[in-house]
Amino acid sequence: MVNKSVLVVGAGISGLTAAIEAAETGFEVFLVEKEAYLGGRVARMNQYFPKLCPPNCGLEINFRRIRSEHNLRFLTSAEVVQVAGQEGDFTVAVRQNPRFVNENCTACNKCAEVCPVERSNEFNYDLDKTRAAYLPHSFAFPTRYVIDGKACLGEKCGKCVEACAYEAIELKMQAREVTLKVGAIVWATGWEPYDAGRISAYGFGRFPNVVTNVIMERLASPLGPTGGRIVRPSDGKEVQKVAFVQCAGSRDENHLPFCSSVCCLASLKQATYVLNANPGAQVAVYYIDIRALGKFEDFFAKVQLEPNVTLIKGKPGEILEDGQTGDVIVVAEDQLARKITQERYDLVVLATGMAPSAGAQVPLLGLDDRGFVAPDQVPGIYGAGCVKRPLDVASAVQDATSAALKAIQSTVRRQLNG
Amino acid sequence: MRYFFYPGCSMEAGAGSYTKSLEAVARALDIELAEVPDWNCCGATVASSVIGDAPAQVMSLRNLAMVEGSGLDVVVACSSCYMNLALANRRFQNDPRFRALATKSLAAGGMQYRGKVRVRFILEVIANDVGFERIAARVKRPLKGLKVAGYVGCQSVRTIPWEFDDPEQPVALDELIGALGATAVPFPLKARCCGASHTLPQGEITSSSCRDILESAGEARLMVTPCPMCQLNLDAYQSEVNKAYGTNFQIPVLFFTQLMAVAFDLAPSTYGLKANIVAPGPVLAQYGVAV
Amino acid sequence: MADNSASSGRLKYEAGFAREVYGMENGSYLKLCMQCGVCAVSCATFKIMDYSPRRLFALVRAGRKEEVMKSNTFWMCTTCLMCKARCPRGIPIVDVMHDLKGLALKQGYVNYPQAAFYQAFWQDLAGRGRIFEGGVTARYFLKRGPKDFGKIMAQKDVGLKMLSHGRLPLRPPKAVKGKKELMQMVAKARELEQKGAN
Amino acid sequence: MAKKIGVFICTGCSIGEALDTEALARVATKEKKIPLCKKNAFLCGRQGAELIKQDVVAEGLEAVVIAACSPRINYDVFDFGPSTIVERVNLREQVVWSHPADDEDTQAMAEDYLRMGITKAQASELPVPYLAENMVKSILVVGGGLAGLTAANEAALAGYRVVLVEKEPFLGGFAGRMYKSAPSRPPYTDLEDTPVAGLVADVEASPLIEVHTKTTVARIEGGPCLYDVTLEKDGQPSSFRAGAIVVATGARPYDAARLDRLGYGRYANVVTGVALEDMAREGKIQRPADGKPVQNAVFVLCAGSRDPGHLPYCSSSCCVESLKQALYLKEQNPDAGVYVIFKDIRTLGRYEEFYKKVQNEGVIFIKGEVTAVSEDGSRNLSVEFADLLLGERAEAAEVDLVVLATGMVPSTVDYAEQGAEDCPAGNVPTVQQPVLNLAYRQGPELPALNYGFPDSHFICFPYETRRTGIYAAGSVRAPMDLAAATEDATGAAMKAIQCVELTSRGAAVHPRVGDLSYPEFFMQRCTQCKRCTEECPFGAINEDEKANPLPNPTRCRRCGVCMGACPERIISFKNYSVPMIGNMIKAIDVPEEDEEKPRIVVFACENDAYPALDMAGLNHLGYNAWVRVIPVRCLGSMNLVWVADSLSKGIDGILLLGCKHGDDYQCHFIKGSELADIRLSKVAETLGRLQLEPDRVRMVQVNIMDYDKVPGILDDFAERLVEIGPNPYKGF
């Protein structure tokens, strides 16, 4: 029997797209997400280039599509642990980790109000804290609270259980395993920021005022830890002079030998964040090549015209810190001016690249030499989005739409042939 | 634990106290070091330039070929020697063209090598084979409160695979300092080059580098290093630095093995503190060490 | 970098020198250089180099042999491996510098004191299989002649101190027993390397 | 006949504590005469939902009004099947979480919202899906190049019939003429055979695909599932019906004749990348001038692209294509000197590894700007350029071949005038090229944004199209390379399939997917004013010769812009209409003038502004309690009569919260918010004539993230209204 349903793993922009497109076409879809909310990395972005529009706008539409789509069911806090079978007939074991909060939750916030412990907020890349009972973020979908099992004091505390009028809290909740039978699988587990701490010369982790581009998104976001004020982590000072260092990890055989495709535009976009927050600020972008493909060139041209934005051709060799002031000093060769420069900045933003997060442990999942989902490895399993190669959002959506069709073909193929 | 030990020219000569202290510490830790028989110079940073990489690396391989049958690892304590031996060995193992060339060349001198020897840096051996816990357990004279700058230098740390230590901000030496009861100070330039190869032709380059490094050591009272050239430049030329830059550095620079010997409370005669030019006596006196 | 200016003449791209460099043992790695510039400021001696390594490599590609060979860039290399560790294209820049030093020695671009030092060091090494620092020093000053006389005097203080602390052996080490065989190996390797290059 | 309605009030989430829910219930039972009104402390809980379900069945309720949390929450809990209308009254986020408890104004607000909700439920009808005779699901693919072949093949693999139309005698298009293609798989270093030959074979062998070569599209009329397509081959027309359309007509190379600065046209040895591809395919790359071998070659990247005088955009594929061609030369002659002069090397993603491979083959890359190309007596070329990194003027001499990486221009446009070297930046005059010949009121081709590419303006929704059911794919849509075109075409095939599936069920496509309502026209009252046909963002409405609107429901995206445009208010949806909203406004209880409690109606875009208000509530940001928010499908559906309705009711001010418009517009119905703005500007004059202050109506652009600013916007407006004073029509 050919199973006509599709499993989509990962509910970032690629997974959401693949799942919704397939469901709206009339196929039954299961969407599995390891976080407690849908939206993935884009939910943590402040704006998209080149339109500078908020990702939550498109996510809101996608969530509305999910709300009205009966063919689509999603599981949060869930991970695929086992895949067996073949195209048209896969059996997938999914482990759903305990959320400790059930469907009764009305998001009334009473549990968080009484919760006595704090946890580091990884949604904001650990720049702030939440209570152990928390809503992942204001736009979280589903709008339900979660309890961090590691931080929670458990039943001996139990304050939240008392505070909840809806019997929504189950501190005894256990992980459960769900078995899904599907005809095709779309693997869209996305990417993770390359660990900038591995680039010793740039001082991330040693110097507080060296941050990464994903952290910058949170600093600029009105929903972020600073309410959208772009400040130095060391002293909370509003930034005047910011450097962006491109290819921090990308195009580098010691780190990611490929280009991460989006960082040039992301940094140009983030330059506009800085200028919006403080029109008098100075921004420098250190680059090897500016890669603004297609009509993104217009955006590049526009930012380049900003009088307070300077582009410096030359990848910095290292970043130093002035221990007294917390200023960070970028040492680079300005190749077009043919001189060595040592410039002082309030903040350095490393354009760290995209490492695939395919999850090498999953059986049947074919990965290539760099850990991306390889093309045509296993019939019926398709990569979508950045787990396949580094992509900007629109390209990831396109790719996910095409993966949805591939998955649909897998579910009808044997019917057509047989 | 048994190893072959490759001393190299410096450790035989100007850095004799390194060899001496290493042997003392090894004895204390039940490590047996047998000298590589009839070893030859690794070529330092020079041979590759004068005769080419491959011929220079063949010279290094001869040293490994000497001991291949033993099954023992070769431990190297000089950064430059380690770099040359390890890189030659790695190339022999990974580059088939070089392997063929080297095999023929060694044969021309009646020797054979199959690439089986492991070349190891002393610090890595101490970290991995001995372990800092065992070191700490052996400490008899904890160096409490002593602020030490761990200067790793350049070549060894960037030859060792990344997995062992960060090539720019290494931590193993700091951990060792900690194991001795002392405190490793923050030291941004701990893996920066001291400029050794310029000491003779253009000493001012070395002085400039050494000044930066000494300055970067901050509040350290003492510096330790695993490299004979670094030790020589920072110690013997410290007065030159002071002369050239009007500074007043008075930082004793010890081989890390000397500091281990101090913490192990070995007999001072066995680890050669007298060879140190910036006198470590005043700093070590408070720990009861008579130099 | 000493040279920030652009020369006024017109640069003619010519592949001959690039081919010569690419033909050396490590020279062909230069093909991979994408001119990112990390090496330019990763070098322990970047402040006193005529050209950054990156720029030197651009000059190699452009065929500017005289400027390359007469520059101090590769002589300033201390083999600290920082550039090699950082180069995003995995170019063993240090080894390329070795090649360029070798080319300079071979073709007589030997004005920098480092050239004399390298020659002195190798001669000392070749004679014994091991190094005698005193020997290297003596040979070096012999090569440099009277112009470096001042330097000998400058080194005097340090030398005396080292002597008094037992850091300056006055007698050379024993020669390697298998020195003859060692040199046979080297000769064979040089011969094979020559063949391989051509 | 009045429908049976039940009202359910949730008292949980502090609604019960903040409001007098007894009084609220009396609004339903006494004022609105709804006999069934229940309260529950946990309506979204199992028992609460069960309570409603039982009443729906037992009482035969046709509509339920749920006064609880935002409609964005618990949508699944409060779903009682397709035959029950559900109306949500947002008491939680937009009343009690954003206003003080036990407060007269808060209570009034809640009561008004309940009145409005009940009114809306009363006016709502269940939509009846639009189903026409002979709806078909086959896909028309226009263009038989890589993208078209891919779209056709992929659709067929999913079981759909396809008609593929190609104007040339052979399939394959631009990519079909290539010698090799750039690497598409690990390790991304080796050239590959192009996928075209294999695709052509698959397409020709597929029983589901009908291929028409030497054929053009003469005319397309109708809409999704109902496209009547007329093809033309050798002057002979033929017709058939198609369900959806993929446009994959590709791009053409930028006209190199405009690049005579680079010697093209003057020197035979200056060629385009396309010409080089031809030579490579034919097996020998040589000097066109004299057939001599190529020893030295220079590639000039961005020849025409990234150039304000030519194509301001980047053509995306030229870097990688030139790298590939540089390898052709190295393959033919490993000793060839091959130079690539570039602005930036744009080898994105894993193409970086290909770049490295090409470098390793000895190709030399120079960041530079070519200033002149000249030729000597033996037809050798010299390329002069500024070497940007060495900071010198440089020259490559004795060059046998200069290859210009010309950019790409979408096939849907051509340049109006040939040979002009100094076309204005970004505005090179173009003329549209007939590709689809749509019989649409708003024009025969896909609307384009900048530079003639009919791409989507949306990052999240790259297939959002302004012509429902017609999806552009490949290099006609945006400059792209082969790999991207393949993916794009597959995605477009997916969207086409989805469109026919949804349309054949009578459901809308993106972004209101599944909406079964569609606009119905009460034609007797139409005055032929043409506003609906002109303003529909999707060109869904045609016109007959007397200017009567001819709606095409399957083209409709259900935004309601036509409804907002119509001055006669003859356009309505079953569950969304001008009178419905008008009645909601009228349901608001407007206090007497002396009570000094102004009232403000806020029309809020339901995608951005409305969720932003919810977010304000979630974050407990307070704002003025005089506002009454009415969510609209799009601000473009706002009919001016609502302003009149409000003012005559005594409402003091009207605020529109809609999406950003302009170049970076965010309205998913393209220009809905802009149209609302235009309509509002017209209203200002009328207000003046009625002795009303134009300030009483205001529009503000907000996005979903402006939730922290929305309270300020509302409060400012309220303050302004206090300054102006009460609406003089109050109480009339």
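Order as written gives the chain letters A, B, C and D; numbering starts at 1 within each chain.
In this section, contacts are C-beta pairs under 8 Å (C-beta built on N, C-alpha and C of every residue); 3 or more make two chains touch, one makes a residue touch a chain.
Just so we're clear, the structure is a prediction, and the values are computed from it rather than from any experiment.
When every chain is reduced to the mean of its C-alpha atoms, the one closest to the centre of the whole protein set is A. More inter-chain C-beta contacts link the pair A-C than the other of A-C and A-B. The mean-CA centres of chain A and chain C are about 47 angstrom from one another, to the nearest whole unit. For the pair chain B and chain D, the distance between mean C-alpha positions equals 65 Å. Computed centre separation for the pair chain A/chain B is 44 angstrom, with centres defined by C-alpha atoms. Distance between chain centres (mean CA atoms), chain B to chain C: 23 Å.
With touch defined as above, residues shared between interfaces to two or more other chains in chain A number as follows: 201, 251, 254, 313, 335, 338.
Looking at chain C, residues 5-6, 34-35, 55, 85, 89 sit in touch with two or more other chains. Under the contact definition stated at the top, the residues of chain B that touch 2 or more other chains are 167-168. In terms of which chains touch, the assembly is arranged in some other way, matching none of the line, ring, star or all-to-all patterns.
Annotation, chain-chain contacts: A-B, A-C, A-D, B-C, C-D (touch as defined at the top). Those residues of chain A that touch chain C in the complex are listed here as 201, 247, 251-255, 288, 313-318, 331-333, 335, 337-340. Every residue of chain D that touches chain C in the complex is listed here, in rising order: 337, 339, 345, 355-356, 359-362, 364-367, 387, 389-397.
Of all the residues in chain C, the ones that touch chain B in their complex are 25-26, 44-45, 48, 76, 78-82, 84-85, 95, 97-99, 101-102, 105, 112-114, 116-119, 121-122, 125, 129-133, 136-137, 140, 151, 154-155, 157-158, 161-162, 165-169, 173, 176-179, 181-190, 192-193, 196. By the touch criterion stated above, chain C contacts chain A in their complex at residues 1, 3-6, 34-42, 46-47, 52, 54-55, 85-90.
Interface of chain D with chain A (complex): residues 12-14, 41-42, 44-45, 69, 72-73, 75-76, 154, 157-159, 184-187, 306, 312-316, 344-353, 356, 367, 388-389, 391, 426, 450-451, 453, 455-463, 478-480, 484, 487-488, 490-491, 493-495, 497-498, 501-502, 511, 513-514, 607-608, 611, 615, 618-619, 660, 664, 666, 668, 703-705, 707-708.
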